[in-house]
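Everything on this sheet refers to the single structure shown next.
Letters are used for the chains, namely A, B, C, D and E, taken in the order the chains are written, and counting of residues starts over at 1 for each.
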Amino acid sequence: MYSPQIVVEALLNGLMLGAIYALIALGLTLIYGVLHIVNFAHGALLTVAMFMVWLACARFGLDPYLAILVVAPVMFAFGYALQRFIIGPASHGKDNGILLVTLGLSIIIENALLAAFQSDTRTITSDYSFKVVELGPLLLSFPRVVGFGVTIATTLLLWLVLHQTDIGKAIRAVAKEKLGASLVGISVPHVYAMTFAIGCACLAVAAGLLMPSFYVSPKTGAAFVLVAFTIVVLGGMGSIPGALIGGLLIGVVEAASSLFLGDSLGQIGIFLIFIVTLLVRPTGLFGART
Amino acid sequence: MLEVKALTKRFSGLVAVDQASLSVAKGSITGLIGPNGAGKTTLFAMVAGFLQPDGGAVHYDGRDITALAPHVRARQGIARTFQIVQPFEGLNVQENIAVGAYLHTPHADEAMRQAAEIAQRVGLGGDLTKASSDLTVAGRKRLEVARALATKPRLLLLDEVLAGLNPSEIRDVLPLVRAIRDQGVTILMIEHIMQAVMNLCDKVYVLSQGRMIAQGEPKAVCEDPQVIEAYLGHGAAERLRAEQAHA
Amino acid sequence: AEPAPVKVGLLQPISGAFALDGDLARIGAEYAVKEINDAGGIKALGGAKLELVLGDSRSNAEAGAQATEELQSAGVAAVLGGFASGIALTATQTAARYDLPFVVDCAVADTITERGLKNTFRFNPNFSMATDVALKNLVKLNDDAGKPVKTVAIVHEDGLFGSGLAKIMQQKLPSLGFQIVETIAHPTPARDMSNVVLRLRALNPDLIVPSHYFNEFVLMARTLQQQRVRPKGIYAVFGGAASSYRFVNEFPEAAQGVMDCNHWGDPKSPITAKLRETVTAAGKFYAYNTPINYSLMKVFAQAVEKAGSADRAKIIEALAGGEFDSGIMPYGKTKFDAKGQNLSALPLNTQVQGKDIKVIYPADYADAKPVFPING
Amino acid sequence: MMRPRLPTLAIIVVALATIAFACLSGALLNLMIFMMIIALAAQGWNILGGYAGLSSFGHAAFFGAGAYAMAVLQTRFGINAWIALVVGIALGALVGAVIGFLSFRSGLKGSYFALITLAFAEVARILANSTDFTGGAAGILLKLQTGLPYLQFADRRYFLLITIGFVAIGLLVSWWLEHSRFGAYLVALRENEQAAQALGVDVFAVKMKAIAISGALTAAAGCLYAQNYLFIDANVAFGSWISIEALFAAIVGGAGTVLGPLIGAIVLLGLGELTKCVSGGIPGMDLLVFGVILVLSVAFSPNGLVMLMKSLGLRAPAKAKEA
Amino acid sequence: MLEVRDLRAGYGGTEVLRGVSLDVKAGEVVAVLGSNGVGKTTLNKVLSGLVPATAGSIRFNGAALEHAAAPQIVSAGLIHVPEGRKIFPNLSVRENLELGAYCRPRRGRAEKIEQVYATFPKLKQRARQYAGTLSGGEQQMLAIGRGLMGEPKLLILDEPSLGLSPLMVEEMFALIARLAASGLAIMLVEQNVVQSLELAGRAYIMENGLITLSGLATELKSNAELKRAYLGL
């Protein structure tokens, strides 16, 4: 039906978009893996990061990719404070509490942004926005290609942090054994907050990668949450490689199914893949069985 | 009553239970001992239906029950306790036990009454309204036993219910186990506390690295050099010998 | 003594997804109320002032119904607005229970007036009317340019609005000599338009007919530009962005030449310019909600004058029977039919030309000539 | 656990009905109908999410099934509203059974279960949005015609009474759960599935029953919604807002308690209306305040409002004694 | 080195420790014995900062620790090897050991690990294996090894022999004896009364949240009442 060139281009495009999904899912899966919470504020936090990037670019004239270097530390600190001073104390460590607190936070953040920025849509125009990478006959969007590369690098970096540094090991340790962690002198609330902070920093990176070709409004993040959840479950909750592979997979599935089913029905493709995977492998692709 | 025939279980490469067989006579107390990680708990899980074996069969009362779901086995009279205790944390002690009692009565009042009675029997009579999460390890082990008893089992599988008790407490529990047996419940128990094994068991099986390496009367098994090598150690064997001589 | 003011409800999405639209509408309505009151209020009621009561539909149907109930409790003489079809459908129904007159602004679903609710009127054109005009003008546009367009691709969002339009287009375009090569639906919000654009690139239609909201249009236009897809024209119907100054400002290149058939105020009226100024001064980008709600308020005031009373039944009677000046909307005389639809309502065709949005059809209101085909 | 007795429940229901009849009209009546619909949906959620510990993020699937059954049967097949209501409720149970069969057979629980229900609801939403049978994206408009056979009333207090009746049924079901073997089994499998199995609980069967009951109650809410607003589309009926609303109300009120969902629904929606007053013309300000209050309420009543009331109630006499 | 005076603590409303006082001197092995549920584990948790003390004092090498947080206590060298091991199952054996030194500078960590390996050669064989897949006895060794990595001045061992096979129990006590011989102060909480008293210099008997008896292990061993209550003789 379609020429091979279009199909290849669509799949590559899906792969690259999937990388950004993966980056968003990365934070989510990390937070899930350690804090065992489904973070409903993730979408809203992505929106916050996107607004920060927008501010940095539109107001302070920063390059969107350079803006990541500024926004990531800010989001890191913001995430740290959020978990340490709000989510942690308010939820009393209960699953239902966390659910409500993160849902409540997403309402707060979304509406605070609405109050501050109105429901207006913001975009930035950068030199890259319309640039393409020509690969023979294939036209690949430059921001997407950058996004793909940065995602892979970020995932690797995260992997290294988790496996080579003390804090990384502490994060993994706390994920499975809180009491034992306290007994070797790890401060569990600190590690929780660090995990949340890293998750938020990942969002900052994703925001920087998205903004050159996307828009932001107070509700933008919501468009990505559902797909991020799907990826997290697909890859196996708490699994970093799972999030990466899951993201790429969902990107490709989305591209293929929207090419052949249309964009609307194509969304079903994502959910069907998700449902079938769970029914066949209830802990996701890389999830450990409990 | 229970025949375990050449059961095998693998966990991705590791053979946890390797062609192990045992049989439990009706009305007896049978022991299952062996080093840590020998596969004892795994074997229990297969008998109770929580794990599907990769080979072999489980016969109960002469019938092959290998394919039955755990709740069906429970209804046929097989009850187990968990080595790592698994109380219903949100329920109090009495409610915990009542869940077991519901197997034979749909009425809430009756189930709660039976629960109180059983709690009394295992020594939890004073803790009926305590949250199960507030019990000590030993309390929770009793709760495990009580819940299992509430299902009115004919075969009771006990997994290290004596661990964490001090010698005098163990001495107090031994009659309880015997009393359960005397009321017609056949018992298969995993235990590391040899004092109890020697005192209670009619017959002992020794599992090591998934294989059954010895079986017989407790005393004979403890003399078995293979068992001493793999499980008891010379020190413990000495001590046991000394104790037996005393008794 | 001062006569009792006439309360009029304005139901708009002040918060939620459509909050921006609600805001623009409010500016228009407030402007009209001020004008009317400054000119001495409702003469028939001894100079009674209009008092605007705002109802927030929060961009969803239940809240719309709830806000209508609240407006009813506040004792309004009528409700104006509604904005989105889903909200308008439930809100008019709620108002119907109280025989509360309800004049819909820009919700386009035909069904809104087709249920025969006595209280419900619609100021703006519905789907069918708008598409008829859109198609007529499209044929004219194509004929005038020497029929460069043969193949058409329809891209629409999959909600009530986009799907409804696409359906009508699919029915009618072939009989007008256009071949539809593909109809592509996408969800709102869309995360990505690349796949849509890739399909368009493969199909290479002469004309793209999009109907979706602002964000998706922007995404698509940017991706089209990036992927170097250059159709002979983009002809939107109720396009969320093609009649948006924000789009024109931020993406002048992608916006160039895009045409839209949409609600649009008379560009030649001096009030249009004033409204634009007011909106811009508030730090917002001008769009059609402002002139519509401005004009709608004017129509309402005339109806009250005609009724000579703030009584609901009388206002309904006046609305049903009368002919009204249409403010700055290009509707000639507003006149509602038996079902409550304003028969003279009419969308305009606009095109982005340079840094401005120009009206190209119909000739009566046009302030520029169409540039078509755009790419050679 | 807080276990209200039957007379208490009866008093609450009668009180609600009296309030409805005696002193409400217009906006408040409308609000209360919506509260009851949400309370009913939340009660459905509570059976599965509260008692059985299987939190669902996709109760919209049931809500939508009910709503669409109601709308499609009446508009397409001219079926009587009451029959449509019964069919809608049955359909909710059936959808529950199907989702349950698939997910429980695969042993899904926790977040995995929550998210697969969400996926089912999303699939339903997308399908309903693109199928002509369900009116596609245009949704379905029900005819405004009052009279008992149409389940629409000129005096809307009667409709409110019907919604209160359903809420009462929901309360009864929860009450029964707290006093029956089935309920004990639900809680047991919530706390520890393996242990429940070991005690002879057919976990799969119990879960299937729970999701069917849960689906039926929430579908009833969907039916009533369609009948009240007379318009539904895919985003209304299958949108994630209702899944969240149901879960929100149940947990804020107290998951796994009889009165939690009702109290949660009343408090949340009441609060939503109240905060509207504080917006000060700034868009989003009201919801912002709402969110802040929500977080604070979780912080200070971690087990739900029901438990908070209980502990306040219990502490009061204790203090009296000290004095 | 450790001085505990009139320590009180509990969970929620219930008080578990009702005024415990005890001492551990440098280089000494002290056994804490008692029936189930008397509060031994709770005492350990209070000492290591997991459960807050409601009253009383804890002095460790002169520093007041009753209000200190866990990391501070670990840094001070008071290290608790908990009941049920609580190792990190998803980390490798080596990583578990590395985290044992979380509160210590990275320098010299490798040498310390080698020292632990020397004490527990089995752990060296399993260095790269996930700790969760170790056998019960190996996990107990790892838990102690992890404790040693924190450079303890006082090591609290809570029921190290629980659930271990007789052979393992034997090995475990031998090991504790070796650690004690190297000069490390040890507070040993055990149900295995006989072997504990053989190993310890002094012992405390706890009942119902209070210390009811204390003395030299050799004396306590022959205490008639004790024999009846705890040894089942």
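Simple rule for what comes next: a contact is a pair of C-beta atoms (placed from the backbone, for glycine too) under 8 Å apart; a residue touches a chain by one contact, two chains touch by 3 or more.
Keep in mind it's a predicted model, so treat the numbers as computed, not measured.
Colleague: Quick one: which chains contact subunit C and subunit E both?
Modeller: Expected: A.
Colleague: Where centres are the averaged C-alpha coordinates, which chain has the largest centre distance to subunit E?
Modeller: Checked the centroid distances; the maximum from subunit E is C.
Colleague: Could you grab the centroid distance between subunit D and subunit E? Build each centroid from C-alpha atoms only and quote it in angstrom.
Modeller: Using C-alpha averages as centres, the distance is 51 Å.
Colleague: So how far apart, in whole Å, are subunit B and subunit D when each is placed at the average of its C-alpha atoms?
Modeller: About 44 Å, centre to centre.
Colleague: Can you compute the centre-to-centre distance for subunit B and subunit E, using the mean CA position of each chain? Integer Å is fine.
Modeller: The computed centroid separation for subunit B versus subunit E comes out at 29 Å.
Colleague: Centre to centre, by mean C-alpha position, how many angstrom separate subunit C and subunit D?
Modeller: That gives a centre separation of 37 Å.
Colleague: Multi-chain contacts only, two chains or more: what residues does subunit B have there?
Modeller: none
Colleague: Would you pick out the residues of subunit D that each touch at least 2 other chains?
Modeller: Residue numbers touching two or more other chains: 126, 129-130, 283-284, 286-287.
Colleague: What are all the chain pairs that meet the touch criterion?
Modeller: Every pair of chains in contact is listed here: A-C, A-D, A-E, B-D, B-E, C-D.
Colleague: Could you please specify the touching residues of subunit E with respect to subunit B in the complex?
Modeller: 11, 14, 33, 35-37, 83, 135-138, 159, 162-171, 191-194, 228-233
Colleague: Going by the contact rule set out above, which residues of subunit E touch subunit A in the complex?
Modeller: Contact set of subunit E toward subunit A: 48-50, 69-71, 73-75, 79-82, 85-91, 95, 98-100, 102-103, 106, 146, 149-150.
Colleague: Okay, in this complex, where on subunit D does subunit C touch?
Modeller: On the subunit D side, the touching residues are 26-27, 29-31, 34, 126, 129-130, 136-139, 141, 143-144, 156, 229-231, 233, 235-236, 241, 273, 276, 279, 283-284, 286-287.
Colleague: Which part of subunit D faces subunit B closely enough to touch in the complex?
Modeller: 179-181, 184-185, 187-188, 190-192, 194-203, 256
Colleague: If we count contacts the way the header does, which residues on subunit C are in touch with subunit A in the complex?
Modeller: Going through subunit C, the ones touching subunit A are 15-20, 23, 158, 184-187, 189-192, 194-196, 198-199, 201-202, 214-215, 218-219, 222-223, 225-228, 246, 250-251, 284.
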